[in-house]
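Both complexes shown next keep subunit A, but they swap its partner, so subunit B is in the first and subunit C is in the second.
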Partner chain A sequence: MAIVGKFGLSEADLRKRDQARQQGSTLYRGWLLGATAIALGIIVLILGTILVRGIPALSWQFLSQPPTDGMTGGGIWPQIRGSLVLMGGTFAVVLPVGVLGGVYLAEYAGNGRWVRLVRGAVTSLAGTPAIIYGLFGFAVFVISMKLGISVLAGWLTLATFALPVIVLNTENAIKLVPESLTEAAYALGLSRCQTLYRVVLPHALPGIVTGVVLSSGRAAGEATPILLTAGIYYRSGAAPTGMEMLRKGTENLPYHLAEGYRQGGKIPEKTIWGTCLVLMLLVLVINFAAILIRARARQKQIA
Partner chain B sequence: MIETATSTPVVIGVRGLNVFYGEKQALKNISAEIHEKKVTTLIGPSGCGKSTFLRTLNRMNDRIEGIRIEGDIQIAGEDPYAKGADLLALRRRVGMVFQKPNPFPMTIYENVAMGPKMHYGLRGKQLDEVVEEALREAALWDEVKDDFRKKNGLNLSGGQQQRLCIARMLAVRPEIILMDEPCSALDPISTAKVEELIGQLSGAHTLLVVTHNLQQAERISDYTAFFMFGELVEHGHSKAIFTDPVHRSTQDYVSGRFG
Partner chain C sequence: MEALIYASGGVVIVTILAVVYYLTHESKYAYERKFDYGYRVALQPVSGQYEKDLSLDPYATLVTANKEGLDGLDEKEETVPMPTLEELSGGATFGTGTPLSGDLAKVDPSKLYRDDWRAQKPANVGQRFLVFGFATPEYKSDKMAIAWAPDASFNSELAPFDLHLRLVRAPSSVTVQPIDIDLKRQPEGRMELPSYVATSDEARTEGYVFALEATPTSSTAAAVSGGIFRSEWDPTGSYPKFGFVPLLMGTFLITLLAILFASPFAIATAVYLSESAPSRVREWVKPVIELLASVPTVVLGYFGLMLVAPFLQNTLAKAVGMDSGRALLTTSLIMAVLLIPTITSVAEDALRAVPQSMRDGGEALGLTLKERLRKIVLPAAKGGLTAAILLGMARAIGETMIVWILGGGAPLLPTFHGVKDTVGNLMKPVTAAPDTVAREMGNVDFQGVHYGHLFLLGLTLFVLTLVINIVGYRLGRRNAWQS
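Let's look at the complex of A and B:
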């Protein structure tokens, strides 16, 4: 039963419609291409600018020496070291707390009214601006807990900043573990804890670790959480060592950038772009590490 | 009502079992006796409650929200739903194989070793022994003996994966084996292998097998239970069910008139 001829449809009508539909596809493809080009263009522009302006500043001296001449000369080694210290500590705090919190939400909390409320709160926290964390960290860790402007306060503030994302990411990674695996473990007579640690967590681990690494890296690139809690721009005298280091603030890359800019002209532009490039490379290296970890873990699972 | 042969000892006894998923009643007043070391197949149209019945026996339904289970179940003289019943011991005694093969994403060895390691704390040589024995019983040993310590279970074919799951289950040494459509995701050759396995296991184990394949039910089972709309319509010797059923609906179903 042909439909042509019915409902007033003619062969010519169909041809016309076909043509219009084909053209629609071409047009749509053009839009997609355009949007992609814009997004890519912005990335290329940013990377290009930073590379072109930053590379001239790079040198072994720049990476390994402290600033000299009232911050206008020398290198940025203390800033790099400070950023690494902040990142490492944040990672160490956030790994157990965030992961265990995510595991609890995914496996034990259920879906009651309070749990939904907590989950909603965590989601909103994940979207809260970094400066709020900075103020929170200042009020709670620096003032109330009397930690002062210190690496310790910075760790805690950055950890607070990174935690919501890590908790949510962990919860999602666990919920992505196929139900058939969990069932297999239970049917085999594994306890809840054994099921979690022997079957569920190993399967979810690549996703969990990637999330932890990425968010600690991201946190360490943020200037505002440490603005009021850990950052120092200029240090007179030698840097403290050992435990003393944790009680004092630290130079770090994002803060150096923000302050450097504010000093308006005193610092050579080249130095600022160089710092910019180093910070970007640092974050890129971390992201790359996360991708490697995930790829290796996946491979091990299916090898 | 319900036909039961009394020639062999009964290992599972069910009386007045009702299962509800929220408002919906999935099983209605089921009473049945399952004979020891025999194969019983559960047949019936989709949604008739046969899988629910199976999963009620090893309490895999516990995880479903809003489920309500009433009635009396005895497995080897114990009530799995009694207060303080040991869930892990129940599953040590009652193994299960699923419709879709679900090996863990780890090596073949680790898959089979998981049960005996967790239940009995076996390790080293003893564990190796149990793993090899289970792989042999599941007729998988010859195919994997060269690389079972290295090869991931997920890299086996579908049929091999299902036999791996059977080996994993056997390594715990269960007395009762529940199989929920164990062949429905397998090709005919793999299906034949699993059916052969069921025959070999039946001497030492009690097997309950859900299947949609009526020829399979007739081939592999000593007893057959026919479920429809959540009721156990007829239960007896497979020969009788397939050749001379008492109920009209059983007759219609086994002769392929519906379902």
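Let's look at the complex of A and C:
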């Protein structure tokens, strides 16, 4: 009562003020909710539109036939195949280097000045624009190593693009392994190597695999790095097979869309929506696969 | 096995160094630039009919050192001899130019070829181009004038040399003051001269002799470095211009607008998810938002092109005028969509890193949600929230396909004359640095000057995003409640 008197406020004033505060808070909550709803709405709108507009274009023929009539008809099978080839190869190239590199940073490198610098550099490279990797791949793989516009150059470029993310991700996953586990392993007389294989890696595996799969997926959807290194829009004659395939460029979904735009939009709208949907689904399926792998591994660990 | 791990660590380190090395290494080709120049010089009558626009004067001499040559010229014309008086009869005060070194006294007019500039010699500094000036007998009673003007888009300010138009020799029959015109100070002009009439073909070279001379003022490297700060990007013109300003301005505008559009929603979503949403809601909403992060940007670009651009064009065209749906506004809107998941995700992590005890303390003091957030949680997470916006910026700066598809591909330098004009900038096409690199890299001369400049532009982008990423990363790690 004394405080109320001191500030010249009656109890009614205080109650009023309290009410205003509560109201303000409710409004605030409403604003947060509204903004979230709008953000979510935009996302659902975009994903929904691509789904709704893309589905009518889908058919077995669309997925299994090459384009015809100067890219205006037919299907997009070579593009899908090319995307899968690029993604698979990238995955194979980057997986060992990225994961072992992450293990190196987490377990072997220590925390010296140089290592901190390298770690900082890896972190920064993870946020470096894709076009920089495109330039790099063009100068190094296409030109200096004389690979030309080829699947091989595309693999290496995309692997460089995905590498920093995978290294960081692996390092983080390993650092999340509880210290008590490694200490217990050492206490049991296991060597550093044995600890790594028997304890640390199995525990960190779900996180590592998720990271690798996710960044391969992102690499598969990115058009920029392959613009200058692996993409071809139109192929005359049959697709090469075997080793020859690696020395030649390949059609692929993101490049098909990007180059189709550059060439002046001859592709009918329906086909574009269909291609967008297929590309989106490809990436989403990979993401779901990553989530599944993670969930499986978690269950196994608990069991 | 340990060896393999060390080897992989080595590969990672080598990769990092290689990226930096190659970007720098290929940029050096920008510094092999040779600066070209082009000037038109004409001898004209003073009182008779003459062409004021020198590019239309058939008797004007184009003194150019442009290794690319000029459009529309027939190579066969390279060896057109200097016209004789007979050929010139019917009029004309005449000057003709030739890149000539050696003794002036030994010049043989029959060996002079008109317009030897078509030999496409590079603009070596110190090279001297001569213009011989005389009047045909028909112009006996008239005075003559020398007129000069730069070729179409040539701008001597860019060049690392001074250009001078000098009178090297006057005909013995007249007395004139020495002439020495600094073309940087006086890029175009016209000056009267006492007439010199050539009465025979031999006398064509015995009249006025003017020289266009280049004297070095700074190093080529300095000129190249200075050139990238200029406000025109025209890499394929007769006199290429490699100013990064319009491209980086496009990057800046798109990034700024996208952040302005995206961050209120993204931060509010992050705050809602971390502070107010029931855990069930969060479990659903967060993956949906992250789903968007995995949509390829080329798909987002096409979404904007096929739906947003026509929509904006139809609704805004009447109100403010919009030539095409491909504009700064469209690009920034779609870019904002791309940024929502990035910013939300990082911001939410930052908010969740604020210790629960701080919120509990606020609640124990009877603070409402709004007060808890504004007085405790948001200030505590300030660094992380700034980091979220910075990382969003880095993403927007580097994004290629959205700008490529939606920007319209023309450089934009915004103007601010009143409200309408300022808003009008939103409706103009725009191009940014990454999409320019992607678009032009496919058709450049390998390891040429343009190629070098694209790498230099890439290096600029790399450094820009590097700095932003490092600052963002540091801010994200440092938390206010710990300091």
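Definition applied: the second predicted complex is superposed on the first by the 276 of 303 C-alpha atoms of A that agree within 3 Å, B and C clash if a C-alpha of one lies under 4 Å from a C-alpha of the other, contacts with A are read in each partner's own complex, and residues count from 1 in each chain.
Please note the rule applied: a contact is a pair of C-beta atoms (placed from the backbone, for glycine too) under 8 Å apart; a residue touches a chain by one contact, two chains touch by 3 or more.
Note that this is a predicted model, so its numbers are computed, not measured.
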| item | value |
| --- | --- |
| Touching partner for A:12 - first (subunit B), second (subunit C), both, neither | neither |
| Subunit B versus subunit C as contact partner of A:24, first or second or both or neither | second |
| Subunit B versus subunit C as contact partner of A:199, first or second or both or neither | first |
| Touched partner set for A:163, first subunit B, second subunit C, both or neither | second |
| Touched partner set for A:191, first subunit B, second subunit C, both or neither | first |
| Which superposed partner A:127 touches (first subunit B, second subunit C, both, neither) | second |
| Subunit B versus subunit C as contact partner of A:243, first or second or both or neither | neither |
| Most subunit A residues touched (candidates subunit B, subunit C) | C |
| First (subunit B), second (subunit C), both or neither touched by A:181 | first |
| Residues of subunit A contacting subunit B in one complex and subunit C in the other | none |
| Residues of subunit A touching subunit C in the complex | 21-22, 24-25, 27-29, 31-33, 35-36, 38-40, 42-44, 46-47, 49-50, 96-101, 103-105, 107-109, 118, 120-136, 138-140, 143, 160, 163, 167, 193, 214, 217-218, 221-224, 227-228, 254, 257-258, 261-262, 269, 272-273, 276, 279-280, 283-284, 287 |
| List of subunit B residues in touch with subunit A within their complex | 58, 60, 63, 88-92, 95-96, 98, 100, 102-106, 114-115, 118-119, 152, 154-155, 165, 168-169, 172 |
| Subunit A residues touching subunit B - in the complex, by the definition given at the top | 178, 180-181, 183-191, 194, 198-199, 202-203, 301-303 |
| Subunit A partner contacts - residues on subunit C that touch it in the complex | 1-2, 4-9, 11-13, 15-16, 18-19, 22-23, 25-26, 264-266, 268-269, 271-273, 275-277, 285, 288-289, 291-292, 294-303, 305-307, 337, 340-341, 344, 368-371, 373, 391, 394-395, 397-401, 404-405, 434, 437-439, 441-442, 446, 454-455, 458, 461-462, 465-466, 468-470, 472-473 |
